[in-house]
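As C-alpha cells, the structure follows; a few thoughts come after it.
Chains here go by letter, A, B, C and D, matching the order in which they are written, and residues are numbered from 1 within each.
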Amino acid sequence: MERTSVRPLGVAVIGAGYWGPNLVRNFLAFPGADLRWVCDLDLDRAGRVIGRRSTVGTTDSLDEVLQDPEVEAVAVATPVATHAEITLACLDAGRHVLVEKPLALSVAEGEKLVARAAELGLVLMCDHTYCFTPAVRRIRELIRDGTLGDIRYFDSVRINLGVIRDDIDVFWDLAPHDLSILDFILPEGCSPVAVAAQGADPIGAGHPCVGYLTLLLPGGGIAHIHVNWLSPTKTRTTMVGGSRRILVWDDLNPAQRLSLYDSGVELNGRSGDDARRDILVSYRVGDMVAPALVEREALGAVVEEFVSAIDEGRPAVTDGPSGLLILKILEAASRSLTERGAAVPLETVEAAYLAIASTRLRRRGARESS
Amino acid sequence: MERTSVRPLGVAVIGAGYWGPNLVRNFLAFPGADLRWVCDLDLDRAGRVIGRRSTVGTTDSLDEVLQDPEVEAVAVATPVATHAEITLACLDAGRHVLVEKPLALSVAEGEKLVARAAELGLVLMCDHTYCFTPAVRRIRELIRDGTLGDIRYFDSVRINLGVIRDDIDVFWDLAPHDLSILDFILPEGCSPVAVAAQGADPIGAGHPCVGYLTLLLPGGGIAHIHVNWLSPTKTRTTMVGGSRRILVWDDLNPAQRLSLYDSGVELNGRSGDDARRDILVSYRVGDMVAPALVEREALGAVVEEFVSAIDEGRPAVTDGPSGLLILKILEAASRSLTERGAAVPLETVEAAYLAIASTRLRRRGARESS
Amino acid sequence: MERTSVRPLGVAVIGAGYWGPNLVRNFLAFPGADLRWVCDLDLDRAGRVIGRRSTVGTTDSLDEVLQDPEVEAVAVATPVATHAEITLACLDAGRHVLVEKPLALSVAEGEKLVARAAELGLVLMCDHTYCFTPAVRRIRELIRDGTLGDIRYFDSVRINLGVIRDDIDVFWDLAPHDLSILDFILPEGCSPVAVAAQGADPIGAGHPCVGYLTLLLPGGGIAHIHVNWLSPTKTRTTMVGGSRRILVWDDLNPAQRLSLYDSGVELNGRSGDDARRDILVSYRVGDMVAPALVEREALGAVVEEFVSAIDEGRPAVTDGPSGLLILKILEAASRSLTERGAAVPLETVEAAYLAIASTRLRRRGARESS
Amino acid sequence: MERTSVRPLGVAVIGAGYWGPNLVRNFLAFPGADLRWVCDLDLDRAGRVIGRRSTVGTTDSLDEVLQDPEVEAVAVATPVATHAEITLACLDAGRHVLVEKPLALSVAEGEKLVARAAELGLVLMCDHTYCFTPAVRRIRELIRDGTLGDIRYFDSVRINLGVIRDDIDVFWDLAPHDLSILDFILPEGCSPVAVAAQGADPIGAGHPCVGYLTLLLPGGGIAHIHVNWLSPTKTRTTMVGGSRRILVWDDLNPAQRLSLYDSGVELNGRSGDDARRDILVSYRVGDMVAPALVEREALGAVVEEFVSAIDEGRPAVTDGPSGLLILKILEAASRSLTERGAAVPLETVEAAYLAIASTRLRRRGARESS
C-alpha cells in the first residue's frame, strides 16, 4: 500500500562527525523528511548535534535505529572504511540509503552494494553534493543545450591545507568531488577511456598527499584534476573548455562563480594533406558573460532528491552506479601510480548503469519486514 | 688587450618580431651596450622597431652584421627552428650570443652549441627572462637561506589564450619558462630524476595544445607544470612548498606577487613500526607575509648580465648548459607522451655544467678575426 | 539569591524575520542559554524557524513571553520602529535585553531606554555583531597595543544591491555597522567631533539610497563611510590608516581578511617657518603581514557576551550608550543633509558612558516580580 | 597653403621628468609626428630620455625650441605651477599646445589660456589621458547609446601610496583624472551643479592628503570621488550607476576591466500621494557581461588626437574648456573645504564650450611667423 505523500519520510543519520551535522540540519529543515535518530558511537557528540531542545533520538546502536519501523531511510556519514558494512546492513534491513563519498573502499565492495540495492529494489544514493550546487547544475545545462559545444578539456584544482587522512590518500579523499562532477556534466558516451596518476608523499604520510589525475576522454579530449592537502591557499577552480565556449567556475567567488567566455580558437584548415603542418589560426575574442545563479545550499537539494527518488520509486540522480564509476577510476589511478604514471584503460561502466536504470524500485512504504 | 670598461659593448639584435623589439628597447636603455644593428628578413619591420629618429642600422643580412667589427655580441630572437644555425654562425664568427628560449629544437643541436661556445671561449646565454625577475630572484634566496626548508612540491600554472604555434607544441613553447625557473631556484643536487607528460590536442593542431608535465624530484618531491594555449583566462601562479614555509607566486598580482605562508603540516611520528598507519597530524597556522619587492623590468637585468658576463669572461647565470637541461627535459617529456605518460628517467646534466663552469672564457675585446 | 552558573539562562527571541533565525540558532547552540520562546506576529514563521522536532515554544504574544518567569532575557529582532516600545516593555518587566541595531529611531528614544535600563540595573546590549568578529577584535588590539600608531584615517565601504527599506534610509540601515566598529576600535578620547553627510535618492525612494558620511576626528584625522543600496557588487572593505602601520580589512576575503602594511609616509621636517611649504617626504615600503585569524561566528560571541554580562552583573561590551552614540551621529548626519553637507558638531557622549559604567547592575537571578 | 598630410608634424616635448618620457616614446612611435626636441632644465635628463642613438635634439631653452620653424606643436609636461607661463609662450609663438593636467593653478589662468588659443585659432588640448583608454571610450558609448539609462550615481576611488606633492593638494593632483572622465562620459546637460569637499591632512603636509569630493548632478544624481595619497593599496575602481544597467570599471584588472550588470532596482510606484511612504521594490537580478576591449596605450591615442585636431583645424576632444571646467570644480572644492564641506554651487561652463566649439581654428601649416 502506498503511503500518501503528506506524511514525511522517517530518516536517521548515522555518524555525527564532520559531515553528519550538516545532514541533520538539512533533514530538519526539509518538510518532506522527519529526522528520528542521530546515531554515533560517541553519544555525547550525537547529543551536541541535535542540541538542547530537540525530540530527535540519539543512540550509539545501529540496531536500535533499524528496529524503529518509522525509519525508512538512512544517511551514512561514518568513516569510509565502515561505509560498506553499515550500508549493507541498512539495505538488508530494507532501508533506502544515502552514503557519503566515496561509496566504499574498493570496486568489489561498491559492486556488492549496488547489486544488493538493485536486488531489493531500494534507493542507493551517493552524496555527491557538488552535483546539486546551482553552479554545477548550470554547467550541465550549458553542455546539454550545446552552449559549450564539444568538450575539449576539463581542468580542476581542489587544493587547500587539509587534514592529512590516514585511512585514504588524497586521490580517494578529494578527487571524488571532481570525478562526480565530471560524470554528472559530461554527455553520455563521453566517459573517460583511460586514467593516469602522479602523486607524491613529500611529508612521509604513507600515501600521496599531492596528486595529479589525468583522464583521457573519447575524441582526444583531456580532463585533469589537481588534489592537494598541503597547499596553504584554498583553490576551487574548474575550467570546462568546449569547442564553442569556455567556462570557468570559481567556487570561492560567490559574486561570480561562473564565467562564460565567447572567445575561442578556430583552426582555418587548408585543403591538402599538409594542412596541419602549416596551420593558420584565427581567434575570436568576445564578451564574457557571468550567468546569474540563485544561491541554494546544495545539501538541501541532495536531501530533497533522496526523498523524491524514494517517493517516486526511481534511482536517484547520483545513484549507486555513479558512485561505483568513481571507485573504478580511483582504483585505476592507484594502479597507474604503481606503473610510473602510465595511463590505465578504463572499462566502461555503462552496462552497470543500464541494468540499474531498468530496475523497478520499490515504491515508498512498500518495505517488507526485515 | 683588454678593452676598457668605459666603452659600451657593440651589439646586434637578430629578429624584429614579437620579442626583438623588447631586446632593442633594453639594449638602447642600457649604458653598457651600444646597439648597432637590427636585422630581420623583413627590413620594414626592422625599421619600425628602431623608429624615425634613430642611427641604429637595419639590414636583412646576418653577414652584414657579422662583418661589422664593432659588433661583439648578438642577441637572437628568431623562430626556434633557426636558433641553432644562426647561433652557430655567430659563435663561429667569434661573437658572444644571447638566445631566446628554447635554445634549440633538440638536445643534439643544443649540445653542439654549448660545445662550440666552450671551445671558442664565448659566452652563450639563454634568455630565461623570468630568472631575472625580482620575484624569482627572491624565491631563490628564500630557498638558499633555508627559509622555505626542503622543497616538497612545485606547482606552476601557465595558461592563457595563446597563439597556436605550428613549429612547436605547447610544452616546447611555454614550459621552458617554468623549467628554467625551477632549475634556477632549486638547490644543487635537486635536479629532477624523471619526467612524465600528458597532453591533448583537442582542436586538431597536430600537436599538444594542453599539457601537463610532472617532474619527480630526489627525495620524494614533485614538480608539476600546466601549460595551455586554450584557456580563456590568463594564470601565472606558482606554488613552492617547503618543509618550513610555503610560497605562492602570483605574477599577475603586482601588489602582492609573493605570499609566504608560515603555516604547514607536521607529522607527529610515533615510535614503532606502525607509526605511519596511525598517523597524528598537527597543523601550524600562522601569519602570512608578502615580502616587498622592488619592481624592475627583467629583460633589463638579462641585458646587464649578458654584458657583465662578457666583460668578466665568465659564464652567464643562465648559460648554455641551463638551456640544454631544458631541452633534455622536453625531449624526455616528448618520449613520455609516446609511452602513455609513464615517467622517463632523466640523466643528470651536471657533468656538462661542471665542464663549462671550469672553462675559462675569453675576456672581452679578445676576439680574433673571424 | 544568586543562581548557580550551572543552570542556563532562560531566553526568548522576539521577531522571526531576517535576523531572528540567526539569534535562535546561536542561542540553541550556546550551552549557557536555554531558548524558551520564539515570538512573532506571524506564528507560522515562528514555527518554521524552530523546525519540526523542537520543544521551543512559539507565540505571537509578547505578554505570554514576559509571563514566563523562566525567561530572564529577551533578544529583540523586530522592525526598527518597534525597538523602543518592545525593549521598554521588556525592561519594565525586569528582563535584560539584547536589541538589534539601530537601538531606536531617535536619540530621544534611545536615551529613554538607556536611562530605564540603568535605573532598573538591567543589561541593555546592542547587537553590534561586527564588534564580535575575530577581525574587528584583532584590529582593536592592534590599535590598543600601538601597532598602528595614531589613527589618521578610517575609510569604510559597505555597498551592495540591498533591499530598499521604506522605514529608514541607507545611513540608518547600514552605517550603524561601521559606526559601531569605529567606536569599538578607536581609543578613548578619539570620538568624532563633527559629522557631515552627502546623500542621494536617484530612484525616488523618498530618502537617501546612496550615502557618504564624513567624521572629523580629534587631531586632524578623518573617517569616511560609503553606504549604498544600489551597487550591483558587494564590497566590505575598511582601511585604518595609522602613523606606524596601515591596515586593510576585506571582509569578503576569508583567506586574507586583514592585511597590515608596514609601509607608510614620513615627512622629514625641516627647521624654519617654511618647513611646510618645501616639504620633503620619505617613504618606507616594507613587507605586508596578514595576521592569522581563528574564524568564529560573531553572533555566537554576541550571545555569549550577553549571557556573561548578565551573569556578572556588568554592562555588556556593546552596551546601551554605545548604541546611543550611533543614534547621535546618525541624527547629526541627518541634520548635515539639510545643510548642504556642512559638518555638524557632535557633543561628546562620554558623560553618559561614565554614568553607566559606574552603574552596579543587578546580579542574575535577582529579578523582582514585574 | 595647406601642408600635405604626408609630412609628419614637427613637435617638441617640454619637461623630461615623470610623464615626459611617455610623451617622447609615443610621439616617436606615431608616424604622423616628428619629434624634434626634448627640452628640460636638466640637459642630462633630457639626454637620458632620448637615449644613445637618437637624432632628436636636446636643449634647456624653450626659446631654442620655439625658434625652430619646423616645430608646429608643443607638449608641456612641466610642474603645474609653470603650465600657464610656458603654454602662453608657446601659444604666443603660434604653436598648438598639449598640456598635462591640471591645465593651470587657477581658473583665472586657465581662462587666459583658453581665450588666447581661441583668439589665435590654435589647438589647446589637455592631456586627459584616461579619456583615451578603451575602457572610458566604451563607457561613454554605453551611456550615449542608452545602455546604462539615466545616470544615477558615479563613484570613483583613486587611492595609493603616492608622492606627497608640495605644490598642489591631493584634490588638484588626482581628482582631475576622475573629473575629466566624468565630463567626458556624461551626456550634455548633465554637468554637476554643486561641489562639496571633505579633506584631511593627518600627516602635517600643509594641505589635504586624503580627500572626498561630492558632485551633485542635475536630477538628483550624485558623483563621489575618493582621492588618497596615504593608502598602502592601489585602487582604481569606478562605478557608474544607471537606471537600466550598472557598470563597474576596475582599471587594475586587465582581464575584466568593465563589468556590466543587468541587475538593478525598480520601484513599483503606487497611485496616491503616499506612494513614497509605503514603497514596494522589485529587483531584477540578471547576468553580468564583461565587454571585450581591445587594449591600446591611451597616450598613443592622445598623441593621435592632438595631431588630428591640428590637421583638421578643429578643437581636440579634450580641449581647453574641458580643462577649464576641471579648474572650476577644483576651485569650488577648495572653497567648500573652507565652509565645513557645505556644497558650493557651480556655474555652468557650457557657454565657454559653445564659444570654442564655434571657433574656426587655423588649418595646419597656416602659422604666421611669431
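The definition used in the following text is that a residue touches a chain if its C-beta (ideal position, glycine included) is under 8 Å from a C-beta of that chain, and two chains touch if they have at least 3 such contacts.
Note that the structure is a prediction, hence the values are computed from the model and not measured.
> Shared touching chains for chain C and chain D?
Intersection of chain C and chain D contact lists gives A, B.
> Between A-C and A-B, name the chain pair that shares the greater number of C-beta pairs in contact.
A-B
> Centroid of chain B to centroid of chain C, CA atoms only: how many Å?
54
> Provide the C-alpha centroid distance between chain A and chain B, rounded to the nearest whole angstrom.
41
> What are the residues of chain D that contact at least two other chains?
Within chain D, the residues that touch at least two other chains are 233, 259, 263, 285, 288.
> Show me the residue ranges of chain B that touch chain C in the complex, using the header's touch definition.
256, 259, 263, 285-292
> What residues of chain A sit close enough to touch chain C in their complex?
Spelled out, the residues of chain A in touch with chain C are 8, 28-29, 31, 34-35, 51-56, 233-234, 255.
> Can you check the complex and tell me which residues of chain C touch chain D?
Residues 152-153, 155, 157, 161, 163-164, 166, 194, 196, 198-206, 210, 212, 214, 216, 219-222, 224, 226, 228-233, 239, 241, 243, 246, 248, 259, 261, 263-265, 267, 269, 276-279, 281, 283, 285, 288, 339-343.
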